[in-house]
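Two complexes are shown next, each including chain A; its partner changes from chain B in the first to chain C in the second.
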Partner chain A sequence: MRYPRKRAVTAVATLVAGALALSACAQGGGGGPKTTNAAPTRTQDAQAASKVKVGTAEDSKGPAAAEPGATKGGTVNMIDRDDFTHLDPARIWLNYYMTASKLFTRQLTEYKLAQDGSLTLVGDLATDAGTTEDGGKTWKFTLKDNIKWQDGSPITTADIKHSFERIYADFTPEGPPYAEEWLLPEGKKYKGPYDGEHLDTVEAVDDKTIVFHLNSPHPDFNFTVAMTGYGAVPKKHDTKEKYDKMPFSSGPYKIVSHVTDKSMDLERNEHWDPATDAIRNAYPDKWHMEFGVQALQSTDRFIADNGADKQTLTFHNPVATERIQQVVGDPELMKRTVQGLTPFTTFYNINNSRVKDVKVRQALISAFPMQQVRQLQGGELGIGKFASTIISPTVLGHEPFDLYGQQTKPQGDPEKAKKLLAEAGQPNPTIVYAYNQTPTQEKVTVAIKTGLEKAGFKVVTKPLNPATYYDAIGKLDNPYDVYWSGWATDWPTGSTAITLTYDGRKIAAQQPNYSHFNDPDVNAAIDKASAIVDPAEAGKAWAALDKMIMEKAPIIPEFYQSYFGLYGSGLGGVKFHPVTGEQYPNDVYVKQ
Partner chain B sequence: MTMPAPALPEASAAPGGRPPDAGSVGRSPGRLTWMRFRRDRTGVLSAFVVLFFFVVALAAPLISMAYGNDPYTQYGQEREGLLNEFGYPLLPNGGISGEFWFGLEPGLGRDVFMLLVYGIRTSLLIAAAATLLTTLIGVVVGLVAGYVGGRTDYLIGRGIDILLSFPSTLFFIAFMPVVESLFVSPREETPVWLRTVSLITVLTLFGWATIARLLRGQVLSLREREFVEAARITGASPARIIFKELLPNLWTPIIIQSTLLLPAFVTAEAGLSFLGVGIIEPTPDWGRLIQRGAEVYRDDITFLLFPGVSLVIFVLAFNLLGDSVRDALDPKTRR
Partner chain C sequence: MYRFLVRRILGAAMILLIISALTFFLFFAIPRDPAAFACGKLCTPETLEIVRRNLGIDEPVFLQYWHWLVGIFTGRDFTYGHCDAPCLGYSFVNQEPIFQALVDRFPTTLSLTFGAAVVFLLFGIGMGMIAAARQGRPADKIASSASLIGASMQIYFVGVLATWVLVDQLQIIERPSYTPLTENPLQWFYGLLLPWLVLSIIFTANYTRMTRSSMVEQLGEDYVRTARAKGMSARTVFLRFAWRGAMGPVITIFGVDLGVLLGGAIITEQTFSLHGIGELSIKAVINQDLPMLLGVILVAATAIVLFNIVVDAAYAFIDPRVRLS
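Up next is the complex of A and B:
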């Protein structure tokens, strides 16, 4: 899934006098523990989504496992930085929108999050997680009984067929590309169901049975349809473009009001039957969401824990970097935190169409001062673990390796880089590093420049406007050599970690292959790995591919990102969701 | 941020601009002013403080040499045992030690004392240059508009209207990328001098209008006075009338305006730097130090303290100095 732009720190410039008045009452400055011994109650590895397994029909039966000590009723508040730009399932490919959609959009399948943090893929609208008999080319799903829309009418296979057809329409360009590519018959053009044309590849056999005929085998298609992007949309109430503002609920809540960039209110959907839902608990009666709250503000509100903020959580806002030390040092606050390893990995793309010498690229990786970069962004808790692979540990089959000493020497190894540059015959190559211009990134850039210059690189830094950062680096002929981006798997298998980002045949403007990496051997290996049916075998193939790509050094792996968030003391059942990498809404309850 | 609108100064000098003679000894007006200024203890003290800041700014490289550290080396990153895992200094009070007098910057671990000294240098250089240019242009345009009047006054007046109604910060945000794409190749770094010159240019461009408008009004009321008419009748040239007859009567508003402008420019420059269009890392900057301090004050108050207190002292001293000079020039307005 796409990575949100690095969050711009927009702390308000404080007047000197005001700042000084404040400082008088703040606690004494400086000094602090060298390392923290506050061991996280759940380790991040235990939460890794690589423990995911596919559930049975029995696992898919509702109601959801009750949260110990949970009570029904009350209102849960949610504060976050941004509004949900899209609510139409077919236009959702961002984790933050997915988290909100879990309250009112259901898919064929969905992940069930157990108390121990492990995940099971179960049927959501379907009775099980789907069946295939020909290695993933044909997939069959059967709908549950008693599943209804918010007006009480039943959810039928006609609705599901319609939901898959409308992803081809012109007004839904933002969604994930997978099913759109796989369901299209060879050589056919399709523009959506609105002018009476339908797809034969999505076959509604009867009211309860739907069969998908894919154009190539995809053994993990049941994971694909767990994405919100393939959520159900009613044929009768499809308002096309307008659906984005007011989606029709199939889940436990419905939207009662939505003021753009300000607030959104949800109320119970009385036609949702808990007995049909193995995932959602839906304890609170209402949800009230407010937008425009920056991470620093929300962190301060959670720390203060006053009034209605007690019953408040945030989906995405992490603990602000400036407050991490304070939160970690306070055991009372630590009780109200959620943390875990997200599916996101971040990395610095090396522009392979400019930096053609593999030795220079390897030297860049060796010299990169990752430790300094991480310290400036909040350390392991604040940003994540050092990465040295493309595939994150949250993915099935991840194999750790460290080709360039990024784990053993995270502060950079200028000597090794110098040696590589000498072998390449360019002791002082010029590297243009383009960065997203925020106050934090300016500092990070200083550290990167210092680190690379130690190895002999001549570094030119180019600040880019945060609003158009991805547009600028997405141009195929961009004049920069190194630039940052992030990527996450859409489901916990290796295919989505690699196919869109390292398949050289998919290089195009504004596409996620920002490093312009194109290697025929890798392209062939991607095709081979995609066709492997057995999940364990496929995992091994993707891991081997990971190593094969990293040997050619197209990117500088940065972090396996972690999430560290706070919530109010009046809430229970707030958990970290390893697939979205955010706080998880479906088990939340208000403490009575 | 927008600059605060300067307050209207008090009414200008007495007709003729000549302070009444004190005592019977013949003293020049300049000498009298100097004597009055020297008697003002606050004024003298402020003058020393302001002078001290300018000396520090000018002598920054010498201070760095004597002190042994520089503002660019990331001491906390180079050496173990200075910063903790969150990037905060390990020693209490922001890492103050014999080696780092004002402590270490959280994160990059640079020397705060050196950052401050060099930051003052950057900010004062830009603010002082912009103030000088602004005052110069504002005075000349204002005098000409007021004295010549008629069509010239009308045109200049409308020009000033446009400038005053223009959102200067927005303009600068839009202007800087254009300048960069014009003068800097996409594979080269924007030189610091280009940023500095652009900053000074834009601050001046939007700064002179207020001062010009103010002076035009003053000149309008002065030019009908008898002493100007007398000069005109005796055949003095317009230039002589403007610079010898009118200007000496306008020193009070000019000095007040420029002493208000300088600190305003320091903060405006800091604001632009925060928005990413002013001076950016790694060039040290006073305003940015304070902004960073405001972000980390909960964990490292010392880091906010030094730049903050020094800015308060500087702005206060500069305003007091302006007051004293005004009082010395024009004893009638003395409280």
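Up next is the complex of A and C:
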């Protein structure tokens, strides 16, 4: 999943994505303020987050489980910094747009969010989470009865087939690439359904049954199609490029007005039947969204809690860094917060093409002064928890481990690093550290240089222009040894955490394997894990692979980023969603 | 007068043409590819090419500029639809014609600017005149000190503070918002009251200081002394002679300020979440949205050039020694 690029860049630049974790396992502590004893109303803890399962047909039946104390009616306001640049599902690969789409776009599958933050993959438009009988190469979904578009016409398999075919059109390059790659027969070029050509790999067997024939097995394809990027688009009302401005609703609300960068208003879609929807409660009658509100402004409005702001939430704006102390020190405010780990993890890539000795790479991890790095960015509350694995706690099967003492000695262990360097026969290797030239990163770089030099490294720092940072580190022959990046899983299984970033066969310029890690054993293990159909077993295999990769030290895990947000006192049912890493709209209600 | 206007308008058109060309070519001189920005995290060369085509940046820069220029007079067709003349381009980020976006945003900026201008002109000139008339007395010292404090303030500080105190805590002013004047004049007034006041704090200071120093200078001029010697009352000398002479520099600054504010009060709009030209410009920079960037720069340049012409014309009315020839 893409996090807002601007925000990801900002994260590179300031590494403060406004993301916070307030749970009490700060190892070594950050520089952040002390937390109050008051618990937030919605804490999605790491244990619950890793509880991801695939539900049954029974789980997929509507209506959604009622939110305790919820009542129907009223208007919920949403304030955030940015407008939704895209509303056409095929052009959505950004968590913020996905959150909004939950109100008016439905997919074949979706996640049911339990009160403890755990997730169950269930059928959304489909009667269940899909079935495969050949190890994930062929997937069958059956559509529910009474699912309708906003004009009352039925949603059919022809619409679903059309939705998957149009992801190949030239005007939808921004969406996720998975189904596009997996549904294309080898050697075939396809440009979408608009010139009358169709894909045989998406087979609408009848009005209710649709079968996907993938070009390779993907046992978690049912997770893939839960992405908004594979949301349903009506064949009859597909306005191609213009669909992005005004999508046709299959969900509980329809868009009644959208003024770019200013506001968006939603009203009930009277043709949405709650009995067909196991996920959405749709309590409010209307949604009013207002854009251009910065994090500090939204935080102040939530703190003041006046007038209509009482019935207001934000999808993405976190509590502004300047107000964290005030919020965590006020038990009343803490009652109106949501928090949890996002799927976004950050790390420092070690360029494996240049730093070839595994002992030197391990020494880099051991010596890395992560505590100082975090302290400079607001501590645990300002950025997140220390990471020591590739797979985030939000992913199915996540197993915690700490091979290099990053949890126990986050300040760095120069003595251990010196030993490793001695074993490598390189007591003073030169390391070129490339970083984004921002004020915060300048300071962080000093801390990193100091920490690594304590272990014997000679550190050469190379500032990079923030505008071209990714271009520079994405070059295969880049002249740097260590550089930062991050990754958000597109769905909570290990495959999206690992396959694109650590499969050596996918190394290419400007692709996400920035560390150029290529290990034949790992590649083989990726193939093996990718073939496991049972999600729980696959989870174990990906967790084992996580450890196997980290033993070879291709990266220096940095943080599991977290989210900490506020909302108005007049709302109930506001939760954190671990897949989008934002506030979740489907159970929100106006307190009467 | 006619010749003056024609000459200045032609000059202004030339300036705008040069500014648009400079902006266009400088944008492409930056190292970042705008297409890469919209291409996603698994951006393949093929996808990048499609995005470039969709953004209309796959042609040579000179050709793109020519098409942009022609489009102003003839309109243009884009992948996403037709853009009527005057077509200033199409924003692929906002997915709307630039001209439409500017037209939608301009009333907010216009209301913000003129409302604030009324307040800061009234207070600024008024305080400056009082200070000049009461030189060295407490009124002068208070006005001078207040203007010094005001000049040291920043919108992003005063704005946030004023919102917190007046809106969030005391709740005596409405949260800033824009309602069209034609739709609800009262709501328009209340919604913009706080931004006007905050903007005025900063600007009033300059006008107070400028008016005071100009008035003091004029009061020492020969013609003022002559007027006094002829037996005119201090009030007549002050208001009829010295005041007119002192307004020249004030009007010059006012023309520039008005132009700059109409081009987008970026920080004010951001601070108060107002959706005007300023907010549009900052987003265009962040999103590397060249057509939008060109549009807002042209609006700003037009406003500044236009008000310079107005100021030059206004001189003639204020100071009879100035001729528009």
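We take it that the second predicted complex is superposed on the first by the 471 of 592 C-alpha atoms of A that agree within 3 Å, B and C clash if a C-alpha of one lies under 4 Å from a C-alpha of the other, contacts with A are read in each partner's own complex, and residues count from 1 in each chain.
To be clear about the criterion, contacts are C-beta pairs under 8 Å (C-beta built on N, C-alpha and C of every residue); 3 or more make two chains touch, one makes a residue touch a chain.
Computed from a predicted structure; not experimentally measured.
Engineer: Looking at A:Asn146 after the superposition, I want to know if it touches chain B, chain C, both of them or none. Which is it: first, second, both, neither?
Structural biologist: neither
Engineer: When the two structures are overlaid on chain A, which partner does A:Gln375 contact: first (chain B), second (chain C), both, or neither?
Structural biologist: In the superposition, A:Gln375 contacts chain B only.
Engineer: Please determine whether it is chain B or chain C that touches the greater number of chain A residues.
Structural biologist: Counting contacted residues of chain A, the larger count belongs to B.
Engineer: Check whether A:Thr56 is in contact with chain B, with chain C, with both or with neither, and answer first, second, both or neither.
Structural biologist: neither
Engineer: Just chain B (first), just chain C (second), both, or neither: which does A:Asn465 touch?
Structural biologist: both
Engineer: Now for A:Ser216: first (chain B), second (chain C), both, or neither, which partner does it touch?
Structural biologist: In the superposition, A:Ser216 contacts neither chain B nor chain C.
Engineer: Can you list the residues of chain A that touch chain B in one structure and chain C in the other?
Structural biologist: After superposing on chain A, chain A residues 296, 465 contact both chain B and chain C.
Engineer: In the complex of these two chains, what residues of chain A are touching chain C?
Structural biologist: My answer: residues 2, 5-6, 83, 85, 93, 170-171, 173-174, 177, 241-242, 244-245, 259-262, 290, 292-294, 296-297, 300-301, 303-304, 306-307, 465, 467-468, 470-471, 500, 510-512.
Engineer: Using the touch definition from the top, list the residues of chain A that touch chain B in their complex.
Structural biologist: The touching residues are 9, 11, 13-14, 16-17, 19-20, 22-23, 26-36, 296, 322-326, 328, 369, 372, 375-376, 378-380, 382, 430, 432, 437-439, 442-443, 445-447, 449-450, 460-463, 465, 479-480.
Engineer: Could you list, by residue number, the parts of chain C that touch chain A in their complex?
Structural biologist: Answer in residue numbers: 30-33, 36-43, 47, 50-51, 53-54, 79-81, 93-96, 101, 104, 160, 163-164, 167-169, 171, 175, 270, 273-275, 279-280, 283, 286-287.
Engineer: Please output the residues of chain B touching chain A within their complex, sorted ascending.
Structural biologist: For this pair, the touching residues of chain B are 1, 74, 77, 83-96, 103, 107-108, 177, 186-189, 270-271, 274, 276, 280-282, 290-305, 308-309, 311-312, 315.
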